[in-house]
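One chain, subunit A, links the two complexes that follow: it is found with subunit B in the first and with subunit C in the second.
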Partner chain A sequence: MDRVDAVIIGAGLNGLTAAARLGGAGLSVLIVERSAQVGGGAAHGQPAPGYSAPPIGFSHGYVPPELIREFDLAREGLQLIRREGGISLFDDGSHVANYANENVMRRELARHSRRDADAWPRFVRDMKRQAELIRQSLLKAQEDPGEWSLSALKQMMSRTKSVLQMEPEALYDLTRFWSLSLDDFLEGYFESPAVRAHLAAPALIGRALGPADPTGAAFLPAQWMTGTTGGAPWRMSPKGGTQALADCLAGVVQARGGDIRFHAEVTDIKMMDKKAAGVILADGEEIDAGIVLSDLDIKRSFLSLFQWSGLPDGFARDVANVRMDGIVARINFALKGLPEINGVASDNPALSGGLMIGGGLHAMERAYEDWLDERPPSAPLLEIAIPTLEDPSLAPEGGHIFAVSAQYIPTELHDGVWSDVRRKALMQTVKDMISHHAHGFEDHIVAEELRLPSDIEDQAGYTRGDPFLGQMSLDQMFFNRPVPGFSGYESPIKNFYVCSASGHPAGLALGAAGANAAQSILGSLKGRRS
Partner chain B sequence: MSDDALQYDAIVIGAGHNGLVAAGYLAKAGKNVVVLDSAEAVGGAAQTAEISPDYQVSTAAHLVSGFPRQIEKDLKLSKHGLAWATNDMATVALDRDGKHIMLSSSRKSDIATLTAHAAQDADAWKAFEGRVGKYVKLLKPLLDKRLPDVSAEAATKAAAMLALRLEKMGPADLRAFLQLVPSSVASLLDRSFEGDLIKGALSLEATLGAHAGPHTPGTAFSYVYKKTQEAIGQGMGYPVGGTGALTEALASAAEGLGARIRLESPVIEIIIEEGRIKGVRLADGTVFEAPIVLSSVDPKTTCLDLVGARHFETPAVTHVSRIKMKGATAKINLALEGLPTFANFSDREYGGRLLIAPDMGTVERSFTAAKRGELTLDPVMELVIPSYHDPRLAPMGHHVMSIIVPNVPFDVDGGWDTQKDPFVKRVIDTISDYAPDLSDKIIAGEVLTPPELEDRFGWGNRGWHQGNMSFDQLLSFRPAPGMAHYEAGVSGLYLCGVGTHPGGGLTGLPGKLSAEAALAAEKVS
Partner chain C sequence: MTEDVTEHSVSEEVTDVSRDSPLNGPGVPPDPAWFEQAADEAPYARHVLTTPLHLDVADESRTNSWTAWAGYTVADVYTSIEQEYDALRTRAGLSDISPLTKVRLSGEDVVPYLDRLLTRPVGNLEPNQSTRAVLCDGNGCVIAEGVLFRLGDEEFRLVLRSSHLDWLRQSALGFDIQLEDVSGTIAGLSLAGPMADSVLRLAGMEKPAALAKHQGVWVELGGMPVYLSRTGMMGGLEYELWCDPADASIVWRRLLGVGQKVGLRPVGSAVRNIARLENGVALEGVDYLSAFTAVDPSDALSPYDLCLGGCVDLDRSVFNGQAALRKTAESGSRNALVGFELDLADAGVGGPICNGDKQVGRITSLAWSPTLQCTIALGLVRASALGASDGFTIKTQTGENIPAKLTKRPFLRFS
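Moving on to the complex of A and B:
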């Protein structure tokens, strides 16, 4: 093949959705992928024969229904499984569980505090309201507030006006929502420390933030985008895991005339007249293309991999300044059976939402402080997905997977390297924490695998192992993502676009950044033609 | 007016700087005012006292930054003895090897001090200061007067004004500003500078007195907010005679205008009758009556303890009881028999505001330790040598040093009884890294741990600001939504302390603006 309309570096979920959208608009598309499979971080591996789990990525994520419809993924065989529940286990033997049914959920909360049970509907209302606002922004390119035109000025004025005209109470609530810590915000609803810790933990995973840090609350509603009937929100995840989603998307790309080449590592960008004009592969082969898209993180796209000439000075600095922090270690346990959890019946429906172990908010704060100090936390926060409960196809008969995201694991240590001894110590800490709640847990283990942030950087190419390809803090979200002035997926290099999760909306929705990048390309092509 | 008069036009609770400023403005407008305070002397946290005979120091707050010249003029403070020992202090980031950095000035020689640590930081500083200057301009009109009451009709005009002012900054600075607002100061500084020392010093400036570390989101904005306050006050410095001289001048001015100040008069109740202010009751039962009461006591205590929750609407009680006050600090004052020797110090350095914060990690670790109830191994601090500008504070050739140590836990592991000495030793040792002969020169000292500061000034565990300066407690939400115009929700009751807009520091603005609000409301009715 000598020339395509668009070449995409990387067959991660965002590379695939970008390709699918561009292909659907009639462009000839080629994805070049370094590895032998699609999915990138979403790709599954085999922790043991017959077991399937993603070694790098999270085992769940929000897939916007708009994309499922647009790509007709159901016809490609995508089945979504609804996972309800989620249980936080505490050291004193107590637990808080999620239930989708409002009455059951309130009864569960009432075990901890009657007042909290009464506060629940107010919390649900507020979460749903914010989640809807965030959901509406997912599939839109963010406008650059620095861009000045008459219409931009008018819009700025009308926005400012609408803020100034808000009811003072409403503005106060909004300010609290965007600025408070998880701890302070949840205290406005719930008195039970266990309930607060239970609700806060999922909003921390992957983010370099402690529960007492301001702006933490803004990420609570992310889990509420899927749906709820008044109880806790549920999650929809693809049958067969994120790999199945990637496979379906690859099917769409191919059905739309796109190609995927494996074992094809891009070593440089081909430039012509200071514009991107294709890619150069490791074996020297050149692929010409009208547009080049990168599904790599923004630092790799601009600073590490390619020999750019003429990258504007300020832009290179802004990219270098994007905060990328590894904070999650991924651990998969292949289990020969489901261990018994203390105090939780094995048929409790809330189990399929997984387990959360991390103690109270104070313990989480301590783990965060350890992370800041670059030392292995004595008790990390563990989010344990058990995908096999609703999807037995992921393990042999009777087997299960504990897909653990261990939060607050530093990329580097202040006093040396992540030696084998320290890796083993971390694994033992995690196993001990689980065993505390599930006696005999270790006897169930068939195989185990650990990926530290530094391993994730080496294997998946995420700078510093940042699971979101750029921290999801408010100064790096929305119009500030990936860097101020470039929130529209374009770059200062003509015809070169970043379509990875380094762009908006990052980890909030799987595949959305890629689809948005494609949309922005199609928009500018249309502009050029007319 | 007789000394035992019990009826006034207005009562001010608290003879700290804001209470005195409020009393001054009210008296100036012809009101018959009494100021009541439980202490034996005026000044609140701005007092000068002896450490030992002939050595005087500002006991708690030791710098004035953000006190507007307008208040000085309005209340004729210079006539009442206020003179500035200095109001142009340089901030100095101390370096162990003597390569100190001079900040907060645009002198060429100062900027050059940055290059000793990182070649590009001198240029970066110019850009940084320029940018911060623009943000200061944007915020200033919001901080030096009462907040506008935005009605639906006024919103369009206000929105147009704000949008135009944002546009005036230009696209690059506007983008940077919108990114700065939710940032941590660590992110802001990492984006701007290379050198560890400048980042350490600026992150200490941004977080000093707050319950926050360099990585806490929102601290970048705190830095800009502080710079705006400094700009309103036209510099940083201290009066001849220490911060106590400022409050003494304020007291003298208020009295000169006819106000009465009654000390050792603790108010235990604000009396409400039929939904209106009637007066206040002292601990000994004495009742003072007035249709207007201004309280410089923190809003939470004022509303919930002095007035009582039953006199407020439910949402107001919820909002007020939610006010967060955190940020423990310790104060150490030393009497010295000579000037300690800091390497490469000239006049400007000795007379400056000295910051010990070698890098952001050290600042962050001190915050982490405080959260855990521990004492950090490497304390960070702000210190001044007031006698350098004001020799009368100490005998000839002798000096006083005033040290604020942030991030010191209120309840320290092991208790203050056993931890006080090791704590002081650690602070002195740390300063000795920069001035090795310090301990030889110490004649006497005074240590105020957070519990002691709490006892004496009420801010040991609650921060200096009667409410954290966080987004949910700033501007129209300070001290609480619906109270940003100083009216506390009970007819005739006003809040005038640092817990109200524009908040923190020795600025006097809350006192001035609340007095104006009280006078304006009277005119309307």
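Moving on to the complex of A and C:
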């Protein structure tokens, strides 16, 4: 094998965007992928013949428009579908739905509280303010403030300046966002417990947090990056699912001269003069490269590809200390038809946004406590995407997919293993919860698949099954991500970079971490040459 | 055979009235069930609602030109802007203003509550008097402005262009008051123009002219109880009529019926917008953003920015935004919403305001005034730029720089 400029471990979305950017800059790139498919966690499987769903990843995600333009993804065939709505179902038969139209959204809230309907514009205003701040940071490599480089200083200065220039009120707002729990934060706007639970639930999925835990509010605005016209925000998802996005990116990589090798598992990093110089595959083959990028999570990248003794003092410990928590089990139900939902008319446009079942904030808190105690929760929080409503191509005619993210599922149990009996019991709990709101749900099931956090770890390689490859909490975000002292994508090993979602901005935007990593590599290459 | 067909079509007409067009023609009251909102109607069943006068309004519309206002469908133009404007300024015009938010405030503490809520004390307001009301948030930025009616010693009605129950309730903490959104139970009509008195007299009212500005009175119109107030935003002689939604259609038809003699015409939003601009009135959501919708905090404006300083009384007990407003009053406001006159027949939708080469502000509203025979505009400019009294230009969409004359509001004065 000839030497390449950059070898990328893993063909996940971030590996692909990194490869596309580096390829676009004229570097020769090679992606080595363990499986037979591009996409990594975003790759689709077939829960039943004719049905297509990602067994591990979420079925939606924010694709930054900057990347769509840079890679010309729209002309490459990528179509984004707008999924409006989302309905929270409660045990008493009531529901709260999202509507993109402001008048309709306010009327929906008024069903629960007139006052909450009028608090909505203030909530939207604050969400938009914070979402814009987050959005602006997505495609910026986060420079390490401790590193005294000119660019790090510049970024630190501009950040300090923007904080110093803030009106006191805006600073209070920022502090509220980064410190309050979801429950406390939402109480500042809404009096109806149902409305609060409805708005809190999507911000919890994937995060090892309960609704009453501090800092929970910080991720509420993440959903507001896509856009809104004054009503609830909508979600964009690629037509054909996240697999279509991966395929599209793979096409871009190849068009830019990049290569993808399948069934190639990397077991070691080839070192030369204490610098990364390539990768060693499971079959012993060596691939030489000027730069090595890892689309694996931070722990796998360093703790399984390197000799620990070769890592700088304390670095292995810092990496080991990165909090990665499995909390979501992914369940796909292939259905032969759409079951009727109690109290929700089948023509309700909010159905496209999926369902949320988890009871009120108290019930979520109880489920969270079960998770802390490493018990299977008696009532997990269920986020159910129904991608087939807006994209029927994902199922045979008339068929539908319920892509369930079950939150508060422990990776390990305090009293044993996830035995078959316990897996079946969990599935039954989930089915019962859905059946409570959709009678006859089980009669619609053609096939079902369950991925526990431990399955996700085994199959996708996310340590402990953490869907965000490192929990997104304030201490692990921005320049603290992935490891304090090694913000961004560079590592203590020269020529070795982490381009996975373990880096900023994590799961906030699909493919952004990879593109950012490539950007910082190109930046330092330019620096070296000049 | 022919008879059969005739008979058949006749019988269908009789039995299937509900399938008739809502535009039944003059004299035939349309079936209100057509647009009425059912109690169990899903929130998403329609994006905009209809007012209690919708069918009567639709009946008068010759252009089928509509616009949305606060989530309701209202007529934009009934016949033509020229005809409607002419009626409004030389005879009389009638409009549907039902989408306004109306809140009933009552209780022992209602006066201290309103003193806390509004930028001006209301204790001196006599029953059946009304005043302009400005609501500020804690930063002294305007949330909304509207009209406050005192209906009794302990009863008020606040009429706003947008709904702010959340803020009204938040401000009510510690006050013994009742707060009730009565928007759905009160329909509103606006009757304006020099012949408005004649219309009311023809409709059976005895001495409408006795009503002073800002005053209100209960009257009977066509057998229906109506609260008549001399209020409005268009300048000149104008009345607003508030009544039960079920009676609104009868009041509307009665006024239009008797008013034909003196040239009364229904007037849509387009002309109302010109008229309020001539009167120099700025609107929330058009000329400025409510503090609750301003995503960029610098878009939230103080009453001083909007030249509503006259509505602020600082030296009294604490009220919402007082501390911040005091600071602004001392340091001077950053912006000013001012009027401009332009020698241009059609200036498009407006654009940046410049003085010399420098941009000093932007146009927020602009319209051709048929009375003044020029284009009038409201613009938000930096207060520092107002040192210059002339030299202002407005850049149009076609790139022309049109001289703009700084003009005192209101543009149009009525004797």
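We adopt the following convention: the second predicted complex is superposed on the first by the 505 of 530 C-alpha atoms of A that agree within 3 Å, B and C clash if a C-alpha of one lies under 4 Å from a C-alpha of the other, contacts with A are read in each partner's own complex, and residues count from 1 in each chain.
Basically, contacts are C-beta pairs under 8 Å (C-beta built on N, C-alpha and C of every residue); 3 or more make two chains touch, one makes a residue touch a chain.
Fair warning: this is a prediction, and the values are worked out from it, not measured in the lab.
Visitor: Of the partners subunit B and subunit C, which touch A:Ala117 in the superposed model: first, second, both, neither?
Guide: Only subunit C; A:Ala117 stays clear of subunit B.
Visitor: Return first, second, both or neither, reflecting whether A:Glu169 touches subunit B, subunit C, both chains, or no partner chain.
Guide: A:Glu169 contacts both subunit B and subunit C.
Visitor: Counting residues of subunit A touched by each partner, does subunit B or subunit C come out ahead?
Guide: The larger set of subunit A residues in touch belongs to B.
Visitor: Which residues of subunit A are in contact with subunit B in one complex and with subunit C in the other?
Guide: Residues 169, which sit in both footprints.
Visitor: Please give the residue numbers of subunit A that touch subunit C in the complex, ascending.
Guide: 97, 99, 101, 103-108, 111, 114-119, 121-122, 124-125, 128-129, 132, 167, 169-170, 345, 348-350
Visitor: Inside the complex, what are the residues of subunit B that reach subunit A?
Guide: Spelled out, the residues of subunit B in touch with subunit A are 150, 152, 155-156, 158-160, 162-163, 166-167, 171-172, 174-176, 178-184, 187, 190-191, 215-218, 315, 319, 322, 324, 364-365, 368, 371-372, 470-472, 476-477, 481-482.
Visitor: Can you name the residues of subunit C that touch subunit A in the complex?
Guide: Checking each residue of subunit C against subunit A gives 42-44, 47-49, 71, 139, 163-167, 169, 181, 290, 292-297.
Visitor: Quick check: in the complex, which residue numbers of subunit A touch subunit B?
Guide: Residues 144-148, 153, 156-158, 160-161, 164-165, 168-169, 171-172, 175-176, 178-180, 184, 188, 209, 212-215, 314, 318, 321, 323, 365-366, 369, 372-373, 473-475, 479-480, 484-485 of subunit A touch subunit B in their complex.
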